[in-house]
């Protein structure tokens, strides 16, 4: 086995495979499929201050090469997460990323505080804790805010600034591909002290039921993910990685080891795997094997040799 | 057969199927496959004032549900078009749209003038002529300008204004999905007197060859089209059609009659068919048959009954 | 990867696929099936119709791209199965009726086999009956109804437990008709799924006790806990 | 839609597919083949290897997703053919050599059959020879070279015309070796194609006389007109 270790925001990842928020639950489910301790990291299902029931109506629809989702951030809330899910998280190896959603600044800030306090306490007791907060300013499926924050740089700046002040944990900001200018957005995050940038979240998309004569989704629009978006996501990661110093967690449609390598060559420090987890319930394991083979074949000792070379 | 007639910018289309620029050549090639006189319209390969050789290196690459192209506006130039291709165009029925590219404002303006003069002369002689100019401010494959015009509303405004003044032909502006704000862009076009909006052009995407360790395309980025982009394109057409009065020619990934209906329900006056022409060399014919079946089944007399109902 | 032993069309648009392997399954559980690389994106949930010592059987109806691809498979081809997933039917002792409609009869064959005291089985079809012979050995009474309402033939008070799977409207009718009676009704639901293992919240649906995931909390629910006013089945 | 009569693996990764139908084809032309709905997006250009009265034959090598899907087809399955497209080889009279390398030998079988005076045929392979028996009846001399350089065996001055199809490097070598000699060389090129009919400029490539479309101006070009310095074949 090659040494695949990576670093983001001072945190060591044993390899670049991080499971993307919303596609890996809290990890327990996939732990039945394979040894998730092999993974580099896990970003949990997007958490909000209060529990959310998510959206009504259809939540999933396949598209050509991708899928639309309108989950609407269903989650048990931060308290329940810290109380229930952390029990399992304390037992596992991968870097633990708490993905934080919200519909207004106050929710984000209070959420970040709770997560931070919990992590600090656990650390004092020498227990494993959340390693990083991933600020999701880009969920297209939440009416009241979510996506709005992700589009205009100056609106987003306020959220990033306030959350940055409230947490001692390393902060990643997850960007929306719907942002007016994703490079400006990333530069802003860096200016405000974010230690990492995650991109991309889902693209706002639509599907119409021509017999019902309505949108398939109650919320009208939904979020597009999967291999279909990969070429655009890769381009955005490339653009952003060229313009910021902070590490990038790149994602969007990754569905093979060769996709992983493309994102690393485009400048990503680690990658995140989303929809592919549904296509292959053992995605993590298989991607790691594939990356190893590629490195053997190309005689690469460390991913640093190829990171950002394009 | 149902009556499928539509209107855009005062011009009557016998049906909503318009072939998209760059995917239908000048129509001659497909005329060998089926009767292209059945089509609503044809937008020709993007024309520039001077002939262009296009980009070197690889020009095509498939992606999941889509394709990347880096043609780089190879075309014989406006003079050769008017001299050679118009001979064939004079013999066909569909609405004739001249797609106009350029790398600076002067090129656009001079190009528009030439096309307009030619059309005026032919009309005087009672011959068929170009019916409409489609201003392409959104080609991602031309280094010197192209895409830049398509991203910032105020940069685009100047081009649209100048071309609008130079032509007596109805003017459609073709928008880029890479625009910072596609709704603002459309509103600007309307303000500047464009009679129609075409959207979307291709998304800027990327593909890396992990063995060569370079971008697959010499130009680094390329344009993503095909079914993969449909959900995003449909959403954009929906957003724009709600905000402007001028008719919208909707496109992006259409690959079935049901896709056509979705775009019409989202507010498109007519649709354009791009990549699907490669997937099915008889696309026009088959889509028309499919639209007819749908209208029979749903007992729809005119597309006006369903246009923009979402 | 598993090997397909056979994949037969048993009625118009209805197939039975036999896949080699030894599987431990509870009645009413399902597998996520996949017989392609990346297109379509998602795997397809299909109930276990029968299990034998050396193979497992699925019965499916061709309704779209995924099932169309299944229908093209032939002996010797490979298919990927993940599972079994879902809670499955609870095994109860008492007087049991199984009520199936259309392709919803699929899970009821394996279910029927689990009861020592043979249940009464009611199978309703819109226009063609299929696989009914297979149920005979495991049925006390077997009622088959084509192009009528199978529910008309059921005396609900004869049963302590009803297990039903079929169209939403049929299952709702079963729930309505048994309301107030001393009959416990289990319904097996369908909903579009992405992961199938409870990780994505894609199949989450409101019930009387909050949201439930069809893939892990279900697909089997107690009828009385179902929130019939919401669109359960999308 | 056309029906597949057979689709046989004749060597490791090499298949010959016979498709029912009566086709009028010029030597060196190709068809756009499609055996799927939307994925992959593009159809695949494949040369005509042979034409009989009631069927047409294609020989292909499995290199990626599309050819992998072709390899799964069986007797009775359907495939879509559009064509024939391309200019094809010009029929010349004189002393003719056909020079093929690897899967590039495919178009040369049907080509060989078009000559009344049998041409000399030179076929080179990296590690395994295939289909060579089929060429015998149509060859004056048949030279087969595995794991060597087939060009070493050719006395160029013996020929007025050379038709070649194979790897870029081989065709370039043929052009180089015949430079200055009184031999007219036709090369058959490959390039990724979207439309196959000259509409998309996807296969456009610089030649000594400006850009040429491989799909309509080619795939056959005169070697002397090829711009060998540019990447012709991508």
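Letters A, B, C and D mark the chains as written, and numbering starts fresh at 1 in each.
The rule is short, and it goes like this: contacts are C-beta pairs under 8 Å (C-beta built on N, C-alpha and C of every residue); 3 or more make two chains touch, one makes a residue touch a chain.
To keep track of the chains, here are their UniProt names: A, B = Dihydroorotate dehydrogenase; C, D = Dihydroorotate dehydrogenase electron transfer subunit.
Please read these numbers as outputs of a predicted model, since none were measured by experiment.
The set of chains touching subunit A and also touching subunit D is given as B, C.
Using CA-based centroids throughout, the chain positioned farthest away from subunit B is C.
With centres taken as mean Cα positions, subunit C sits 35 Å from subunit A. Centre-to-centre separation of subunit C and subunit D, using mean CA positions: 52 Å. Subunit C has residues 38-39 in contact with two or more other chains. Shown for subunit B are the residues in touch with two or more other chains, namely 63-66, 226-227, 255. Contact topology of the protein chains: fully connected, every pair of chains touching. Subunit D meets subunit A in the complex at residues 38-39. Across the complex, subunit D is touched by residues 64-65 of subunit A.
On the subunit D side of its complex with subunit C, the touching residues are 37-39, 65, 74.
Put simply, subunit C touches subunit A in their complex at residues 32, 34, 38-43, 82, 192-204, 206, 210-211, 216, 230-231, 234. Put simply, subunit B touches subunit A in their complex at residues 63-66, 68, 180-181, 203-208, 210-211, 213-215, 221-222, 224, 226-232, 234-235, 238, 253, 255, 258, 261-262, 265-266, 294, 298, 306, 309-310.
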